[in-house]
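See the structures that follow.
Below, chain A partners chain B and then partners chain C, in two separate complexes.
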Partner chain A sequence: MPTKQKGKTRFFVLIALSFLLFLSGCGEFKDIDKMVFVSMIGIDKSDNPKKPYKIILKLYVPTSSFRQNPTPQYSYLIKDGETLAETIAILEAHLDKELDFGHSKLIVLGEKMMEDEKNKEILDFLIRRPDIQMISYVAMGRPNAEEIVKFVPNGETSLQPTLFNYFGNTGAESSFIITTHLFDFRRTMNEYGIDPILPIVEINEPGSHFIIDKSIILAKDRIPYELDAEKTLFVKILADSAKSVFFTVEREGEHFVTRLDNIKPKYRVERDGNQVTIRIKIKLTGIITESRNTLDNRKLPEYNRMLEQEMKEKLNALIDEMKMKGYDPFGFGLRLQSHTLPKDRMTDQEWRTAFKNAKVEVVVKSNLKSTGSIQ
Partner chain B sequence: MSRFYYYLILINMIANIISAVPTILLRYSEDGSVSALILGVFLGTVIVVFFTKFFNAFPGITFPEMLVQTTKKWFYYPLLFLMAIMWFLAGVSTLITYTFLLIRFFTPDIPLTLMGLTLVLSVIFGCFMKTDRVLYTIEIVFLINFPIIVFIIFKAYTSKDLNWDFIKEAMLHVVEMPNVNAVAACIFLSLGVVNLVIFNRFFTHKQHFGLKQIIVIAFIASATIFTTYFVPIGFHGIKEIDELVYPWIATSDSMRMRFFLIERLIYVFLLLYLGMAFLSILIHWHVSVELFKFIFKLEKWKYKDLNIGYGILILLFAASSLFIILTLSEYQLFRYSVYFFNLTAVIFFLMPFLFLWIRRRMKGADKTKGEN
Partner chain C sequence: MTSQETLSWVISQFNDTSEVIQKHLNYGNKQATLLFIKTLIDQELYQKYIINPFFELPSQEQYHLYLTMLPQFQEVPSKEKALQFLLEGNVLVAIQEKLYSIDFKLSKNSDVNSTSVETTIHGSELALSDNLMTNINIIRSSYHQPSLTIEYYLKGEVNRPKVALVYDQKKVRKKALQMIKEKLDRIDKQVITEAYEFNNFLNDKRFSLFPQMILTERPDRVVYNLAGGKVVLLVDGSPQCMMAPAVFFDFLTTMEDDYHTLLISYYLKLLRYLGIFLCILLPGIYIGAASFSPEVFRTELMLTIAGSRMGVPFTSFVEVLFMLFFMELLLEASIRLPKAISATAATVGGLILGTAVTEAALASNIMVIIISAVAISTFVIPVNEMAFAIRIVRFLLILTTSIFGLAGLTLGLLCIIMYLVNLSSFGEPFLRLYNYRKGDKNSEGQA
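Up next is the complex of A and B:
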């Protein structure tokens, strides 16, 4: 029936056209020129005890073209407040545009904030807000978040803040940089048997660039514990996130540096009554890159043995230190939980004492392939 | 089996990743969810087998047509009405969840009504299409979305951030007694097969349904349920996983694609699931519309040449779903979803008994009448 079909089509067109009424002016939707994008969030402890939080937002300043403004320009919003959400709401009144957190990739927490046991509160806010990415990086700023957020190192272009490139193996692939995402921070914060660890961001002495090679372990109810560069490296090795590690061996008259490209740690945690045994097995593959003395290709097995001993000593020392202080960034407790039935699981307190008295066995298997281009 | 049959089952499973199902499962994560998963997969597969075997025996005949031939009016009208309402609600629950999601993550500035209305209007006209057209629509959208969804899930499993220790820790809760609500939510995942009550119209030839097909379905069900439940745990730990209102959205937000066009995967994920939610609502509401059509004989409600019956139904659907969207809070949505899943689980478990009855009566019923 063609007439009926025609009537139907007309009716449909009419309905479709009436939808256009809904599009009147996009009254509720903000165009990009009405928004300002936050690039970093800094959270510091303020001096005012009534308003404990100091929020620093680094905002991108829009430029018409890259050629006109090759040097980066940012504007900053700083405000003290009692709660984070409220403070940001007040900050929004300082702007003519709407704040958009969707592109913020880094959250810097001030050093003083760490000692304040406020992490739960901060995390709560950051997770609760849907536009803050869960894959944004979290770092600790030294001496405080404000300086780190405001600092623009030499050579930074207006393409993106240099600081982002340090994390997530996008730019730098250093084995000293711990990368912690927001969701990772949250899960390690909540879970028993694993402690969150954050990288420490510093500015070097003349003030030209960042240094990120230390890290800090935050335990739930104890003061944070700082790790220097070397310990950070070993934590990364044990956590299977180190890409390529330079490791110096100095013993028996030899002094050489190895480059370990392939590091495969495996660990098992076993429990017998209240005695916990941690068995760590690490496989290393690499080459020698530097040496004081002339090396001999035939003696590679011996160099292997030296590397194994050296590595074992260092790892043992680190784990012993962690044990003594009671910090567990590796997740040994979690590993134990993962093969214990719920009714047999230790409480947090029990685990902590068990961890302190744990036996640690480290086995290192190294495989040095060559002495480099020369012997 | 025809590929369209698998679409029906798969879409219901995949689309429910964003609905209340994972929230319910994860709420009882330390309270008997894991054993409920196993039981749920098993019972879900049993339901699928019963339904498929039954409908396969009468190719091309819809459930209402069978009921007319075999049962009394006082019985089948209320039953079909109940099913129509339930399937409407199943669509609404997906709709609400998705509206909330879009508001929360995509466009926080757009008012709830407008968002809901846009979604309702984009789906509702599709529901009045012919059954085969609906299936063709499903195929197109599904084939575009499904490979990317599989890719994302593959990325999730291969991600270094997925901590298997959490997953193992969660798995060991298997020793607890299964939780009833979790079982029901799990069974709901497999209830895509119930759509055959109307979609059987399309399957006019008797199809082969043997052990191989059952194994495929059981495998799909277990893989989906495993992913639905354990991947969020792997990314967010088990202790406070129930804190997350949308576990899967948080999970997709935790995945990072370093060298992809968009680094933040959540937007890709939300767009893909917009397609999936569309399909899920389309299927559920198509069934619901067809049942309503049958019950109230809507084709006959005519004013001059215009079919007001359909108009009324559209208005009713749009108005009631908008009303529900505006009144429900997230917590209520969760609570009512629990009741709803429990109800569906019970009802569709009783269905096979009805099937036995129908089957016996159908043998005696006039064969030629059924084919009309």
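Up next is the complex of A and C:
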């Protein structure tokens, strides 16, 4: 009975289709104008010991036309709470719209929060919540997250928070700004042999713009260690993420500034018994951009030697300092682990002592192209 | 049956005899009987080639011989055939108990049209005409091969138009030809007026979205496709012809592609393919991104969309359907309207409606931009029949996206691709990506 068969098929298809109507599908249907988008998340330590977290959410206020409304408008949600998820759930009740973290690009952790060793808990929440993007930037706010999140610098236009442009080479390409993504922060947090490093965001004295040139190392069970601007620069150089660096050489009566456009660091970590040797080889290419004295093009090899010595001293000093304090933002330990068989690997404790006693050999090869002046 | 009996049978078939004219010529020792329909024949030719020689030539034999020499001359095998010849505009001549037919058809529609559907910048501006013989003449005179074969059929019970099947015997894909002939035999229709109807007549499926044959009015396209091994179907009285088998990518080719330099033609093709994806996907992407996953796009864009949707009373998919509906109405209206008014319709619909809709906050600004982009990119598709199919596909994707978000859009697109892969046009896989027999001399319809 082909017709009966056909009728049955049709009936089945109809039933199947009507079941589809009950499915909610992937995600729910929510119009975009019924959502409110979070721009930044700030997490501070509150004064109330029972509710240790203070969450600051910066919300975009949508405008229909950029031209009609060029000045930035934000609204803020602030709430203390015992746990992060709970606090955000309460904050959602304060709004008429659905809170969407899909466009939040920056997570600012307050300075006091850092000292509290709550990073794991915070990270746990940030990673678990599905609409927080793993490619968000993470930074430390000084004096606290709230001020950084609430601060709108001069010249900011609507829909484009200035603070985002500092990170990730979209706007500024400064060699003093460390960019840490959330996924990277979490990875370095859990990994042995590398310590996470976060940029420090500050506001300048008259309160007109941000300053980001310092960074902070968060070792797992030690107090965070702050790096000033110069050390941050060297960390970036060693991590091969510095684009263009101005480096001053001051020795043997000369005083000049070089612009290094091409920096290629290479390092190897070798182990012999318990003795670890870190060999760093770094190639620099650039020109001299400024000088106190008149420079002679024929003396370029001399200048190269001076630059090499200066760079070597500075790098040695930084690595020695890190060694003494036991911080490893470069990931030397990870490098060693990745190059050894599992049976030969050191435990975390062993690595720490080995790192303290490690030999460091820095080789700098510089190639200054010119003295920069036209003769 | 004698010729006189045949003639009287033919006359008896007509109820209204005022159109059918029978003449007895009788002069000296010469005799002939003529039968014709006055409105169908060219009376000047009739006068010049039949009447005049009758009086000028000295004997019956000479006149008889003269008639057989005429290029329009045909023998009449049966009385049914005689009736058909008469209806086609022939003059039936009964002479010495023999019945002949001489083709003096008068056709006023044999002028070559200028291209109106497939316009190009480069290349010929001339299209096919409404007259089958003129069209065959155009094809024959630009395709010089002895293997060019033309077969005539009479289809349609009532109006019985002449249908011509044209192909190159050496290059044609035998399987496709076989299928087309079989399906032509099975056609059982009362009235056939346009070549385009064969797209449905030769299609066994009742619900089919994508055209299986490609419609064209350009002789250069016909010639190009004949050389590519396609079969061309022409119908008398139709200024367009159908070509089969057609694959999806035939519908995205213009004749101009071959007239440009390589890079330019690649660029234009790229533009066209981007256009087709844009017009299928854009409304879906808008719904999916605006209502399901706003994190897909840049923050600025999402906030602008959110801002421009402020005050819009509909949800995103109603907004899209609302605007698309008006766009489709506008498209339909501008086809039906007389040319003089259609420009006004476009202005009223496109400009005034677009602005007013956003002013009244019935749709967002971004929506108007998307709808215009969709409309423009639909026009990029060079063959009109495909553009119609694409318009329907768009609605299907809007449906899946409204239910399942961007995942639904992807799924819907996959389903459509699967459907296309499943289709075949007269034995040829419809979504054939490349011409795998290109090296072969019998290479098939790459056009």
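Methods note: the second predicted complex is superposed on the first by the 343 of 375 C-alpha atoms of A that agree within 3 Å, B and C clash if a C-alpha of one lies under 4 Å from a C-alpha of the other, contacts with A are read in each partner's own complex, and residues count from 1 in each chain.
Just so we're on the same page, a residue touches a chain if its C-beta (ideal position, glycine included) is under 8 Å from a C-beta of that chain, and two chains touch if they have at least 3 such contacts.
In this text, all values refer to a predicted model and were calculated from it rather than measured experimentally.
When the two structures are aligned on the shared chain, A:244 is found in touch with neither chain B nor chain C. Look at A:274: by the touch rule set out above, it reaches neither chain B nor chain C. In the superposition on chain A, A:100 makes contact with chain C only, while chain B stays out of contact range. Greater residue coverage of chain A by touch, when chain B is weighed against chain C, goes to B. When the shared chain is aligned, chain C comes close enough to touch A:37, but chain B does not.
By the touch criterion defined above, A:131 reaches both chain B and chain C. In the superposed model, A:208 makes contact with neither chain B nor chain C. By the touch criterion defined above, A:60 reaches chain C but does not reach chain B. Applying the stated contact rule after C-alpha superposition, one finds that A:184 touches chain B and leaves chain C untouched. Of the two partner chains, chain C is the only one that A:159 touches; chain B does not reach it. Counting contacts by the rule stated earlier, residues 28-30, 102, 131, 133 of chain A appear in both its interface with chain B and its interface with chain C. Against chain C, the residues of chain A that register as touching in their complex are 20, 23, 25-33, 35, 37, 39, 60, 62-66, 100, 102-103, 105, 131, 133, 159-160.
Contact residues on chain B toward chain A in their complex (touch as defined above): 30, 104-105, 107-111, 114, 117-118, 121, 160-161, 163-166, 168-169, 172-173, 175-176, 235-240, 250, 253-256, 258, 263-264, 305. The part of chain C that touches chain A in the complex is made up of residues 289-295, 299-300, 302-310, 312, 315-316, 365, 402-408.
Contacts from chain A toward chain B in the complex involve residues 4, 7, 19, 22, 28-30, 102, 127, 130-131, 133-135, 168-170, 181, 183-184, 186-188, 190-192, 241, 331, 334-335, 337-343.
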